[in-house]
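Scroll down for the structure; my scribbles are underneath it.
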């Protein structure tokens, strides 16, 4: 029989060829173009295709872009830490203290996520505003005399809104990791003399680290690219790099610069993600499945 | 069993967390029926006029129609592609399998703005104009990974000997697909359709970047957010969207459970999203 | 379905069938004939290729080389759904979304038979497997044993030329398995269809089969009736695989026209007809003999006599209720031999350490 692909193999390739081809055309090609684009220049509506590093020079030298990138990173990291930290106890509760109907709880946790993201962010704006829900409620009750101003149109609002938005995405991976933990390991630890706190730190948490890493990456990566939240609730202090990218593609008519910004932020995020992943493997990864 | 960390404060924390999660969502119906133009406490009377207002807004109807069209097409195409990929992953061994599947799933971890930017760059270069179809193309890109995630378990759980048995009893390949494979993965297919539909319906960033003159619903909402007087009707709209989305999700979950029961297993928990 | 007397025409002919998976040779040059109407078993340890061979006959994989003929027709290029075979899968492969009746009638529906005919055929065959009232049940309500019968019924109703069974009883518990073995055998006899069974359980093969092909590592070591396999195993490996066998060294001392004389370690000299030598083996090359545990007897009473006798010492015994298995040390042997004795009325059980007389007969000696 001839070497090479059997009929079975060819069927498999055709099957996967469809989605893969689509991804190739719609994702790989555009991404490559973005990278190429970032080396070109735009004058009003004309694109000059001579390769140049000018865009990148601008990104790395101009303080406005530097500040923007740093701030985006800072905010994203804070959001990630806050979200994951707040999510962990919930995942823990769900895994260890809910005996029946876990699926129902999970469903309830994901439901808010399935409403329009745009609306949810907007609702936080409504809640945190000067005349907003929170202030008016507190005024009514008499807890404050004047509306709070520090809660909207700055980085705090961005952090709060995103921590809310990404909550289920953080809870789920941690929950999955916690569920996988063999309960008899904890019983063994207890049998060997560990109290509940030590059991948690020595057994539960290390084994949950892969889930924590997954949750961290799931929250961090899209957050860096978010532009709705900064736009609606961030004010001028809370603007992030995605907003700048949108401006470059829109009003500023400097798409190559926007592309360069996009590529830069992607590279930075990728580098950080790989770092987190590797660190996660080192700390918790020695426990293999 | 394990006498863990005191459940009392943990329970309190979790309940507070759930309130935090649902707080904005509860506001929607609350202020949609509120007889006031300002979204703030105290509440005024009950009214349905904001819903009535929605009924008469033409631009809204157009946007709903556009969104529905985009969502339906996206759902169907994504599910098709997802089924191909899930089936290929379950049945066959092909070179660089992990890398290929990983690449198709890449949009899951890419910020939507990167996807939007990349697509718009390519479209600009190719000289193609933006329209609802470009939005569909973008949506299919990000929905397919979700479809694969859902269909993976449906196809993986399909006992290969079932298809062999059908074949052995004289059925053709197409007949086997129609009588054995499809009925058994159907709940997963429906689940995928519903979820892709919901994602597309709610998706904003790619739609914002890639649409021409026709707005989808989220894009329409965005345009309304600047006008304070329109806010209550936006609330009403949001309430409707909320009810529809939740309804679709309950349906999707019901189908997923039916699939599990049909294959003989108990209703298992977590969907494998990552 | 009426009983048929098995005719002498081979229903399946395997000619030099080979199967390779990448570099791994799963089947090496299999040649065999299977008679119409017989209950044929492929027996061997895991990985020996028996399931691969079954799947080749079914048509799920093509042979790398060689040919398979069913009822005189070459199966080259004929896919599984067009072959006159039907399979009972190891996992039963009952369609979970169909009822029992729809499962059994599945193949008939493909043939586009009228509904009434399908219904009556299904009912007939369900009665045959003792599931008469189960037609309306859902697939997931069935126990393991019931699923197995549904799988069998589904194959039977198609009236194929050959029914292939891939370890159909391995998932059942022991009692059910023993019961099903008898039932399957009786069913095959009454229906008259050729059955090919794959199993790793030698007891199962012995009980159910008309003939057995013992396979090791992709080759048929011996193809024979159960009795022949047990009494005259062709190789030491076959002998150890089927039942228990005691092996002793032996040397041929004299060869005449029709007789062999051997000197067996610990047992002494014996004369055997030349035909006792295994096929294709030069009698002078014989170095080992085998003798089954039940062919060695402990002579308790001084009046008990046997053809040959030798003195031994009991090392240990294992009591099984109806049988006792003894480990007996023979003179000059390092390893003890296994002797089985039925615990008949009045028979004593020899204690470890006690000397015994071991009796044996010449025609229970197997030469290798």
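Note that the chains take the letters A, B and C in the order they are written out, and that residue 1 is the start of every chain.
Everything below uses one rule, namely that a residue touches a chain if its C-beta (ideal position, glycine included) is under 8 Å from a C-beta of that chain, and two chains touch if they have at least 3 such contacts.
None of the values given here were measured: they were computed from a predicted structure.
Between the interfaces A-B and B-C, more contacting C-beta pairs are found at A-B. Chain-level centrality, scored on Cα centres against the all-protein Cα centre, points to B. Taking the mean Cα position of each chain as its centre, A sits at the greatest distance from chain C.
Distance between chain A and chain C, defined via averaged C-alpha coordinates, is recorded as 62 Å. The distance from the centre of chain A to the centre of chain B, with each centre set as the mean of the Cα atoms, comes to 18 Å. Centre-to-centre spacing of chain B and chain C amounts to 56 Å, using the average Cα coordinate of each chain. Touching chain B in their complex are the following residues of chain C: 58, 60, 79-82, 85-87, 89-91, 93, 95-97, 106-107, 110-111, 140, 154, 158. Partner chain C is touched in their complex by these residues of chain B: 159, 161-162, 164-172, 175, 179-180, 183-184, 262-264. Contacts from chain A toward chain B in the complex involve residues 8-9, 11-13, 15-16, 18-20, 22-24, 26-31, 33-34, 37, 86, 89-90, 92-94, 96-97, 102-103, 106-112, 114-120, 122-124, 126-127, 129, 131-133, 135-137, 140, 164, 167, 172-173, 175-176, 179, 183, 186-187, 190, 196-197, 199-200, 214, 217-218, 221-228, 232, 242, 245-246, 249, 255, 258-259, 262, 266, 269. Interface residues of chain B, counted against chain A in their complex, comprise 1-5, 7, 10-11, 13-14, 17-18, 20-25, 27-28, 31, 38-42, 80-82, 84-85, 87-89, 91-94, 100-101, 103-104, 106-107, 109-115, 117-122, 124-125, 137-138, 140-141, 144, 148, 198, 202, 204-205, 209, 218, 221-222, 225, 231, 234, 238, 241-242, 245-246, 249, 253, 267-270, 272-274.
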